[in-house]
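Read through the structures below before going on.
In the two complexes that follow, subunit A is the common piece, with subunit B as its partner first and subunit C second.
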Partner chain A sequence: MGVRICSALAIAAMLVAAAAGGADDGASDKVLKSTSDHAKFKVLQQEFASGPEVTRACLTCHTEAARQLQLTQHWKWEFLNPDGRRLGKKSIINNFCTSVASNYAYCTTCHIGYGWKDDRFDFSVQENVDCLICHDTTGNYRKAPGFAGHVVTQETEFPPGSGNRLKPVKLGPIAQEVARTSRDNCGACHFFGGGGDGVKHGDLDSSLASPDKSLDVHMDALGNNFACATCHMTAGHQVPGSRYAPTAVDRGGARLRGKEYKTNPTTCQSCHGQAPHKAGAAKLNDHTDKVACQTCHIPAYARGGVPTKMSWDWSTAGLMGLDGKPMVRKDAKGRVVYTAAKGTFVIAENVVPEYVWFNGRVTYTLLGDRIEKGAQPTRINHFEGSAGDNRSMIWPVKVFRGKQAYDPLYKSLVVTHMAGTDDTAFWTNFNWEKAVAVGMASVGAPFSGKVDFVETESMWPITHMVAPAKDALRCHDCHASGARLEKVAGIYIPGRGSDHSVWLEVIGWALAALALAGALVHGTGRIAAARRRH
Partner chain B sequence: MARAYIFKRFERFWHWAQAALIIAMLLTGFEVHGSYRLFGWGRAAGLHTSVAWALIGLWLFAIFWHFTTGEWRQYLPTTDKLGAVLRYYLTGIFSDEPHPFRVTRLSKHNPAQRLAYLLVKVIINPLIWVSGLLYLYYNELGATGTVIASGLGLGAIALVHTAAAFLMLAFLIGHVYLATTGHTPLARVRAMITGWEQLADEPEPETRKIPAQGVST
Partner chain C sequence: MTKTVYVAGVAALCLLGIGLHAIDAHAAGGDWKRGRVYYQKVCTDCHTAKAGGAIAPNARTMADWTAYLNADKHAKGKDSLRNYASREYRASVKGTNKAAEKYADVPDEQLFNDIRSFMLKGAKDGDSPASCN
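Right after this comes the complex of A and B.
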């Protein structure tokens, strides 16, 4: 008996030692991560002259990779809305830098491809897919604006004659270190949407490259350390969870291994299910039918120290300083709030979201849609939903407000030629009429020749920067008058004064006051009567 | 002065426990409603729910007690002396007239009290409990589709619940004040604590029917 226990212990000890030995050895760590050490591939042991050359090398093993990529929104910048309208970066006009069209060489710096410099880009060429932008692990892979997504491999002066020299990127060492995507890869574009760090989304900025727990409980670099793809579970390079195809309501449960799911895997519910709160806080589970998880668990966005843009007024652009150079203004903290090229910004940190009913449908105002300059801002996009449609949840959103160029005669948003070294680009010439004329011509749209400015707003779902439970909203953040959900209509929120029936309040308190007054008068009468008798 | 043992031990316990619980319900309830901030909304809502269950439990015992002891008959309405009692509280009380009603063990409450307590029991309480339970289980109702089918929204449920709460508040204020209208301001409160009621010097004939062990002089 004793011997048997001893030998069992000995075997167990050996097993533990074996397992520990495997983990102790640094080389084994690498071995266990991937079956391939790309540094050992002959095809990558060369100096590449261009991005497409690297891609050709990648494709020698990953034969179907480019074809997979070419099916994606990342490649096409195109999305067919359920309402039949053609969306995507390629065609929409937003209220940040407004449009990709006529500015390809600059905007496509963030395209996962090489050479999209105008609307004649060939989307079928496999070597034009950029593998490195998503799989670089060195941090040395950079694409400079103005090169249509091409990587600079030789020292280049840009813009020509400016004296500004771009350093070459050595592609060989980068190609030999490729691996799965990380927050840095996705962040290289998605943290900087709208023209700078944190500008566009508010819940995505460079602070998420290495966040602590309080900034994002899932991406916490020292804790859960989620990559973007942990939630945006990608298969065959198809990345789910685009804001163009949002899932506002997920009634499904937590996912099980071995089961197949057709729905969006990026939702909170896909891991946490419908009743994630513990028994002690079970009432919170009663909220999951109407309130998106994000509403309580993302108390504020732009929480990582990087401000986000809240509004952008293009109409003030073009001012020159006393020195005759384009003017720049900064706030007390040294952050830019005006540039001649872009106009006036309002930036903010720790922003409390606005809250709207959202059923997953988003409508857009596209080029050519008739718009009116009036009391209501033009909706660049708008989240649809209401309390009554039974398909909506209360969602936190960033509403980005702007004032941007439009055609006051044809009453349409406009494509503006912003970036370029030519003599019509707005950012070099500060002439709206010229820039819009070129922009509109580039897409074959009619332009009256007049430019005016119209107020616009766009909505962005707030879904990243999930705080730890202890920092989630408290009951009174919504269950009170003038609280976060004050403007959310169509639902009775206990504690919210605007839901009270005025007549019941008046009658109810009057009744209580009458009872009290009656008691006081009656009691005073009794005291007076008693005094008289004695 | 004669004394009679009117309020039995369970009855007294029920009364005071109910008083404390109802005051707690009003305090937390109107905070949940949004009338003021006292405990903090989350705690108020939590307390309101826990106290509600305590009150429901107490009520189940009380209902059982009322029916097994026959005490429920104390709330049968009567018009006998009702006018006299109302007149007493409106005028007589100021000129030190004797109370037209004599408390006995078989008839603990004067006709006005009978009516008031009956209204609490058959109108205010059911309104509160039914609307309160619907409020508490609104999600479950919503899930079954009944809420939508019946058009019974949370707003309507809350409206009824709040209206009933206002009625209860008005009752509480009146009840607390009228408790001071005994032959001394604290006489009735004392009776509700000890169970012994001071009887007036000339008891009504009914009082004599009370078994000897229940009366002392």
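Right after this comes the complex of A and C.
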């Protein structure tokens, strides 16, 4: 009896062990993906009270990681333009939420660091580098606006007195699951640029976290499943392919393994070369010297069901409803198109890009640059290029139009203190003069005390959301009257309305008719003469 | 003899405990990204086409989803929920559904855990509430 019981228990134990072993298939996947299981590292087997504590633990093994990070644009938010001007999020003014300066605690939610709450942030402190924002795989790591990039690790009411309670983030389990970056990591900030999902870029939004092939052939979750880093091939934490240093023209071929390249690896050509179309469509290869790949292969942006903002009018901000509370308006689909804090928006999906010549140079209007309120909008940035400079290609762009605050006496864009719980923040008191005075003082810029609004526009390259070949543009999308490239100057495009000359076509068709008539007359004569001879 | 049986029994129960713990740990640590893809491309696609619309994970709480998943009742109890994550079901739709095709060979329990992980973390009170976008 005892032996039977013993045997039965042993069999049960073996069955359970087998079941547990069978359930380990997922762990096998994990083993195949990495040589390190971070859950086994003692230094990570603890509960962390703050982000910097996690970073300190990471640095015990990855000793140079923070130093690498601190050399990057992601850390500095700074870029020196080839024209010598200092750019980067830290310096520029855009026509979305306008400026980082004076709003650090909110904007730096998307900084890969902890604690950048004002202009005294110490960029040399290694433990302030945020490893988890790029290497979290759980999807549970998040940083709430207003905490200068810090993670909330204890339940917190924010803003204070609002009744809104923020759920704490458990850092220990997240630190134990770190791995290579994914679309979710990059997307945590880049999908939400401009203050919300899809707002800024138009070709980057949360639909790319898990897209299908029709949305993006490269990132297709069931196909190629590219991570961002597949194209933005990162070395030493330097991520190439920034829009501040765009490559408009790449005359190189497809890259070979083992060969060293010093050029930008994120271009289409770096994989597809200069003649990517097959023999049956070889005529398309004649376009690759003047037309960027994206022009034909991204027929529209914001195609994933998330709208992008196309314009933003700050001059209408500040309206209160009948109840005395800040007004909010929504469109028929329930999407916000007006808020008292931000003004009026136009949002759109499936947007056909505008097209411009682009040679890689971008010029900016910065704080202090003289601007005029007139018929032409102020260019926040502008893509340079022309048909004649031999360095340009025709590129698809999103042109974002808006109306934003400026100083009508000093004739300059302004820094506005938008966010904060203090009385001077625009989102608290809806008073432009007060908010701009504090914003301009924070950067030491002069302010007249008067605020007006000026029309602005900015350009954004369209380069994600690459459609399958079957959905790419067809000949008639450009070679026809009123087609997509109608406004692109300096180049002859057969079939295009502006290249359409009635007389030239009459003469051409007349010559063709004459040639046909001549051939028919000649042929008929030959046949008649031959019959006569026989 | 009785002592031997007792020791063997205790050892077996320990192993049983370890085994169950392993299964539980595995269930908790499903691949939420694979679960997300399956939820979107199989569950949501079908619901959108045939059942009047998608159901976002953040439409329910973690407790709601846990109860729903444990009950294993689909379409108000007409059939088993697990059936729709089974290899048999995937094989039946893989000709028209790329996600079913891609994950055709993933063990049933593993895929179900992946879906569970996504739904729980995406729940209204989950760590990362997820809408249909």
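The criterion applied here is as follows: the second predicted complex is superposed on the first by the 471 of 534 C-alpha atoms of A that agree within 3 Å, B and C clash if a C-alpha of one lies under 4 Å from a C-alpha of the other, contacts with A are read in each partner's own complex, and residues count from 1 in each chain.
Criterion: contacts are C-beta pairs under 8 Å (C-beta built on N, C-alpha and C of every residue); 3 or more make two chains touch, one makes a residue touch a chain.
Computed from a predicted model, the values in this text were never measured in an experiment.
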| item | value |
| --- | --- |
| Contacts of A:504 with subunit B and subunit C, given as first, second, both or neither | first |
| Contacts of A:159 with subunit B and subunit C, given as first, second, both or neither | neither |
| Contacts of A:210 with subunit B and subunit C, given as first, second, both or neither | second |
| Contacts of A:289 with subunit B and subunit C, given as first, second, both or neither | first |
| Which of subunit B and subunit C A:492 touches, first, second, both or neither | first |
| Contacts of A:168 with subunit B and subunit C, given as first, second, both or neither | neither |
| Footprint overlap on subunit A, where subunit B in one structure and subunit C in the other make contact | none |
| Of all residues in subunit C, those that touch subunit A in their complex | 1-2, 4-5, 8-9, 11-13, 15-16, 18-20, 22-23, 26, 29-33, 36-37, 40-41, 98-99, 102, 107, 109-110, 113, 121, 127-128, 133 |
| For the subunit A and subunit C complex, residues of the former touching the latter | 2, 5-6, 9-10, 12-13, 16-17, 19-20, 22-27, 29, 138-140, 142, 167, 182, 184, 197, 206-207, 209-210, 212-213, 221-223, 304-306 |
| List of subunit A residues in touch with subunit B within their complex | 283, 286, 289, 390, 474-476, 479-481, 491-492, 494-497, 499-501, 504, 507-509, 511-512, 514-516, 518-519, 522-523, 525-526, 529-530, 533 |
| Subunit B residues within the subunit A interface of the complex | 31-34, 37, 40-42, 45-46, 49, 89, 93-96, 138-139, 142-143, 148, 153-155, 158-159, 162-163, 165-167, 169-171, 173-174, 176-177, 180-181 |
